[in-house]
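Shared between the two complexes below is chain A, which has chain B as its partner in the first and chain C in the second.
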Partner chain A sequence: MSVQPAAGSTTRRRRVRPRPSESHANTFSGGFVAKLIVMAAVNALGVYVILAAWAEESYGILAVMVALLVAANVVYFSRRMLPMKYLLPGLAFLLVYQVFVIGYTGWVAFTNYGDGHNSTKADAVEALLVQNERRVEGSAAYPLVVLGDGDELAFGIVNANGDVRVGRAETPLETVEDATVADGAVTEVPGYDTLSRQDILARQAEITALRVPVSDDPEDGSIRTTDARNGYVYISTLAYDEAAGTMTDTQTGTVYEPDDNGQFVSADGQTLPVGWRVNVGFENFATAFGDARYSTPFLKVLVWTIAFAFLSVATTFFLGLFLAMVFNDERVKGRKIYRTLLILPYAFPGFLSALLWSGLLNRRFGFVNQVLLGGAEIPWLTDEWLAKLSVLGVNLWLGFPYMFLIATGALQSIPKDVMEAATIDGAGRVRTWWSVTMPLLMVSTAPLLISSFAFNFNNFNLIYMLTGGGPRMEDASVPIGHTDILISMVYSISGLDGTAAKNYGLASALSIVIFIIVATISVISFRKTRSLEEIN
Partner chain B sequence: MRRSITLAAAVGMTMALAACGGGGDATDDETTAAPAAEETTEAGTEAAGDGGTLTVWVDETRQAAVETAAAAFEEETGTAVETVLKNFEDIRADFNAQVPTGEGPDITVGAHDWLGELTANGVVAPIELGDKAAEFETVAVEAFTQDGQVYGLPYAVENIGLIRNTALAPEAPATWDDAIAAGEAAGTEYPILIQMGEEGDPYTMYPMQTSFGAPVFVQNEDGSYSPELALGGEAGNAFATWLAEQGAAGNLDTAVTYDIAVEAFANGQSPFIIGGPWMIASFEGLDLAVDPIPSAGGEPAQPFAGVQGFYVNAQSENAILANDFLVNYMATEDAQLALYEAGDRPPALTAAADTAAADPVTDGFRTVGADAVPMPSIPEMGSVWAFWGVTEAGIVNGSLEPVAAWEKMVSDIQGALDAAA
Partner chain C sequence: MVTTTAAPSVNRTSRKRWFLDVGFRHVVGVLAVVYAAFPIVYIISAALNPGGTLTGSNALFENFSGENFADLNRTFFWTWAGNTLFIGVVTAVGTVLMGAAAAYAFSRFRFTGRRLGLMALLVIQMFPQLLAFVAIFLLLLGLGNVVPVLGLNSKLGLIAVYLGGALGVNTFLMYGFFNTIPKELDEAAKIDGASHAVIFWTIILRLVAPILAVVGLLSFISTFSDFILARTILQSEENWTLAVGLYGWVSSLLEANWGQFAAGAVISAIPVLLLFLFLQRYIVGGLTAGSVKG
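And then the complex of A and B:
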């Protein structure tokens, strides 16, 4: 550092220790007004979300939002929390987009959330009751009006004889003599209001829930309506006992008890079709490793995933580095044009390129076989090893521009004098490259290589769009292919691709396993790269 | 330097985490889909007060048709019908995920074979068609029926048939061998076109399979399916052997995908293609006839019938509006014809189907559809596809030994069914 000129020393001292009251954001200056406006907007948005969450009864979101909003106001209107003023936006996004997602995935991993266990017990009970309420076979359709008597609702129907019959939830249908009928439907019943369409729409839930008994005998069923125009007679075959929490089949008398797996089960092991989400502990993890159908191919997939991620990083890095060194040489003419052209694959969306490549590599009609190789039917994507080669090749094509960019930047940032010093010390080109350039390069690129490894470990787009995981492992008893990496295997065996019953619990459990693997590899690698820092 | 590495570490971990988060699709879907759904309900409550608002999920081809049908409903009842455009492939998963959270539409368009999954998840409500049920084609209502309850309003029946280029083959072939002979006589590049792809296409191959007497599941007396596999045994093995023979002879080819098959047929490279009404738009200028699919194994070749329809959300707060709209408006001839114009599938309402049958191609598909079997909608059907197509493809391209591969496939499917149970 150069010596401070004497003339500037007084102004400098003032800048170093500003009195807090002089901060732009705390005086009534332009800065404070700007802060007020921004905070007003933030508060308005926050209050809106809180009110919306209240209306939707999403109390979790509500609590988090209140906490965030209070924190934001405390931090930005307090004079003490300078670091937090910079950190808070990032922390808020971290909470919403990372912590929540991870927490939710973790929670799902311990439940049996999936097909057949899709919702809460209350929803499952409702669905079972609705599904098991049958229209009495051969019964007539009755033109129906919805009537109101104060808060209570009633149905008015016209039966086959032209009689008007009115009933409520507690009082069965009875004939009313002096009702008005027009076009075969009731229009007015003395003592009741006929509900207008607006009234009906406002009370839809009540109307669809209303069951008017046909007679005192429950065996005769009850009238209900789904469109407020027609009524039909229904009989329920299932009844829910709220106190005991059990379902009873009203025809056979079988009692179904809720079990630990989120299903109603009868004494002889029969289950009702609709279940609900429950906590199943480590069952999903046990399935992932304990079920022989998964655990046998799992190892193969794991090995390929690591090989794929490692080879992808290695091939792209070395090609990128090679090209970067070539185009870093000032003797190459037209470097800018070449560099621009090299970036092109990086500029295309990855999943689109993969899809295009899958067409180009088609065994019979693909450009590569038909045009470049003169009609040779090479099974690029359908042979086990060629498919792996193709995946790596396409990923090389997609990935080297990124490495090229990084390597170019890193090469240009290596000071020239270090190289000169090496030359003066008598090092040859290879020696300079190996002992000076490469280590300096690795210092700045190693962390990016590790993150690139983590990215490729979960490079779902490429696998899914290029091979779909295929060709299928013929000895596996689950739909897993030779190019499937862990994440695409999770996608297919948990049914997310639609080829099996969905099991979000299993998918989440497997995602967590993958996360642990990637995190472990990353942590170990980062520890190793610390040794590189000694060079600086 | 140290700081930059910790920073990069944070970036790396973030990427890894983000990628992992992506694996738990459920969470992703909910966080991204929730705001969109919120907006629609928001719009709904604003417009309510007069006739209320119905939200309907539709895909691109059906949007205009549903809106046309909705116009009459809106005019008469004052209800605003809002269509939300969704990718058809996303609808099933999003519907399953959003209904329990209270989001989701009041009505969604869908296919009948989703029914088993939707009822097992308790996300659809039954619809009472009343006497209207008799006005529909039998297979359409049957397809949406489970345990005696109807769960959707059908609007179109679709099935594949043998599409024939009459310039190249004047006569409809009676059997598979006739078709191959006619195709060879026509001197075209392919005797017959069947889309397969490297993953196979069991849907398109199904009529050939049934002609050997090997349906996928045992069918009950009333047309519904039991979860008992029927595609194995002698009949299944005979079909597998036939697949291998046809593959070796070059009549079936896994390199032929949908796009390739359609393009080749449009170029006159084959007199026959087995496909559905959705292909017809690509064949403009050709003189076409639609015939029953020729039998390969001696028994009738029965394709799957797929029925398209509308489902009502089990948690809908507008249940009355939704049922009123479907039963009293979408079940009319005008609405069903509008959907027919949009999608070219024969309507499910008999009166509308009769009108649409004035077109000989539609009539042809309808005739073939009379012998079709509904695609099983039991949840077990979901476990079948992944094994089925790949095995067929492997047998056709000669990499699998037919009978052994077919038997392994049957036991793998049984394993998947047992694991899911």
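And then the complex of A and C:
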């Protein structure tokens, strides 16, 4: 085996070196076959996604998929782009699920996306028309039968002329020729199953929600049923004027104009319940910081988040460091056993610890109150300040082992001769500690303390599982509690947990704010620690 | 610098000295161990206690029975455990492969945009996926209309989301490790006619096995503990993970479900705990090198 003289020293030379005469693409080796199989599968899946996106008219997804697929084929069948062959899989996921998602967060932050503003204007118009459908007074009742085609439901009615008409949610009524009719009601339609009484009972909710359009024109209304035997024509009390873009209430004659906020508003200030999303500029940020109903609780949460993250790092670090110093003495027997036992809280999954402590600290039945404090009903998790204390206390339990480990490592890596030199120079124990050990210790642990700070800044699980953010701030207009940190507050405000109205726009705006805070703190402190490192 | 301990003579002053030098360390140690281990001892006791309520669990190791564990069979617990295992293992394997491939590219090839790419990863990493849960929810909502298997309430959809975070956090951890493997090794293999793929799969991956294990385990643990994304994406009870499911037991009717929760917690935590203690040397090395527990 010959080794080239300057192997490894030049990376640039690799490019100039002639390619091996036999590319693996020509030899049909096992690797090449594997690549072909994988690429065939990738292409098949990609084409499937493209077709599905086409059918659903999701052109964004379609474009991204085409781009990814082309990129994959170009990269893997080209002889160049070697690094890309290794980067592409991770990069594809990164681009879609992280980079795009960051951008999307930014976009949503500038919209009023949320409950009442969930979709496009066209969708909102349709929803309004459907929601405001009323049974036309005195309209005829058609004998109706509920039909099934697989999972889909359809209605069959007999109209005044005796024609049988069948329609589904997406396809308006159509006359069917060869249906069987008995006693003026449809009994059988070819291609459909007639639902039995039992099926009807089982799918009652679906049936009462089903609306079959009378014709392609939404103005004609739709057929609905409440008892699965009689169908009535429902017509919307609203009418949409496509040209003017306005909505008119046909009963009162009120005209609703679209406004900048993505809603139909009448002249006297009435709004229709369904709106659409529009770009609202900096409104979400203005709400968060300008509107006192929001900004006061947000400011409290921000202060608490910083205090929580800072105190968590400080308390865990000092306890960890103290223990590390205690055990950093070779005369202590069984240090390994101590160490292993002390790591237990760290190895115990974090979310389970938080849930476990929420039980231990339970006001009436918890171990701490019942056994340790002899039945004292101390509201550990339900009093504003005690809850904060509990959160910090539990996080101390969770976090000190990590600090213990890194402090032990850092202490052991400090060279002994530095200490000896200090002693020879006449420094006492305390002086050595402050002037030699601590600075050296900080150099190696400071970056970890910063990442620990950033981690605690977003320590969602602890807060959510221990106190749920509670106790609630009574004066806040949004669901926020006294122990909520920014990330758990964002979670409540987004409404994804189902406890409050959804407000994706505001939640995303706050996500951006959190990101800016965390990023700023990280950047500043990493700069600071770089100057620390220069001591070394 | 081993200093000789106090002479074994039963001398009052030397005993006192021994206590001030060494003995007090054991006192602190015992106290710390009690503090660290007590909640875990408690949860094991509660899991074995047939009472099953929070109050009933306060007397430690009074009664023993497997009742709580048997009760788990009547719940979705094992389904959740299976889901967690599936999601965790697939995510961990995917994370390791993608991260290793990216680290290999950054460590071994020199290409335009390499430095920029590394920088970009560092910056993107600062924006955790956790913060973008709303956008992730909306993305999956849209994606689900086209490809239901990648949409909401799909385990694969959740795995894909986790894999989106695979490069950011782990590439640096692996990149540093890859750089410690001498380049001469792959140069030699190349001269012997090995292609880059052969070098990657048969030489490099074997040499970096320790860091692969650490990254895989860390990825598994963070998937295991994730609540916010799992909760947002997995909507029906039979698709939940342990974090979502066990949270549900404790948040509603804490008093009644406590025994069940305790049993579930013990079953879910013990394997992780053992794995962690068994591999602690490597994990601690990996953690201190770059990340904190998630």
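The working rule: the second predicted complex is superposed on the first by the 294 of 536 C-alpha atoms of A that agree within 3 Å, B and C clash if a C-alpha of one lies under 4 Å from a C-alpha of the other, contacts with A are read in each partner's own complex, and residues count from 1 in each chain.
In this text, contacts are C-beta pairs under 8 Å (C-beta built on N, C-alpha and C of every residue); 3 or more make two chains touch, one makes a residue touch a chain.
If you're wondering where the values come from, they're calculated on a predicted model, not measured in any experiment.
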First (chain B), second (chain C), both or neither touched by A:Y402: second
Touched partner set for A:V418, first chain B, second chain C, both or neither: neither
Which superposed partner A:M438 touches (first chain B, second chain C, both, neither): neither
Partner chain in contact with A:P345 - chain B first, chain C second, else both or neither: second
Touching partner for A:V38 - first (chain B), second (chain C), both, neither: neither
Partner chain(s) touched by A:L87 [first = chain B, second = chain C, both, neither]: second
Contacts of A:L373 with chain B and chain C, given as first, second, both or neither: neither
Contacts of A:Y464 with chain B and chain C, given as first, second, both or neither: second
First (chain B), second (chain C), both or neither touched by A:I524: neither
Shared contact residues on chain A - chain B and chain C: 52, 56, 98, 100-102, 104-105, 108, 113, 362, 365, 448, 451, 455, 458, 460, 468, 487, 490-491, 496, 504, 507-508, 511, 514-515, 518-519, 522
Residue ranges of chain B in contact with chain A within the complex: 1-2, 4-5, 8-9, 11-28, 31, 38, 48-52, 77-79, 92-93, 96, 99-100, 102, 117, 119-123, 125-128, 130-131, 147-149, 198-199, 253, 255, 260, 314-315, 317-321, 323-324, 327-328, 379, 382-383, 385-387, 390, 394, 397, 400, 405, 411-412, 415-416, 419-420
Chain A - residues contacting chain C, complex: 1-4, 7-8, 11-12, 14-15, 20, 24, 31, 48-49, 52-53, 56, 58, 60-61, 82-87, 89-91, 93-94, 96-102, 104-105, 108, 113, 323, 326-327, 329-332, 338, 340-353, 355-360, 362, 365-367, 370-371, 397, 401-402, 405-406, 409, 416, 448, 451-452, 455, 458, 460-461, 464-465, 468, 487, 490-491, 494, 496-497, 504, 507-508, 511, 514-515, 518-519, 522
Chain B-touching residues of chain A, taken from the complex the two chains share: 52, 56, 98, 100-102, 104-105, 108-109, 113, 115-116, 118-120, 123-124, 126-128, 130-135, 141, 197-198, 200-201, 204-205, 207-208, 225-230, 232, 273-274, 291, 293, 362-365, 381-382, 443-444, 447-448, 450-451, 454-455, 457-458, 460, 468, 470-472, 474, 477-479, 487, 490-492, 495-496, 498-502, 504, 507-508, 510-512, 514-515, 518-519, 522, 526, 529-530, 533, 536
Chain C residues touching chain A - in the complex, by the definition given at the top: 1-3, 5, 21-22, 25-26, 28-29, 32-33, 35-37, 39-40, 42-43, 53-55, 57-58, 97-99, 101-102, 104-106, 109-111, 114, 117, 124, 126-139, 142-143, 145-147, 160-161, 163-168, 171, 182-184, 187-188, 191-193, 195-198, 200, 221, 224-225, 227-228, 231-232, 243, 246-247, 250-251, 254-255, 258, 261, 265, 268-269, 272-273, 276-277, 280, 284, 287-288, 291-294
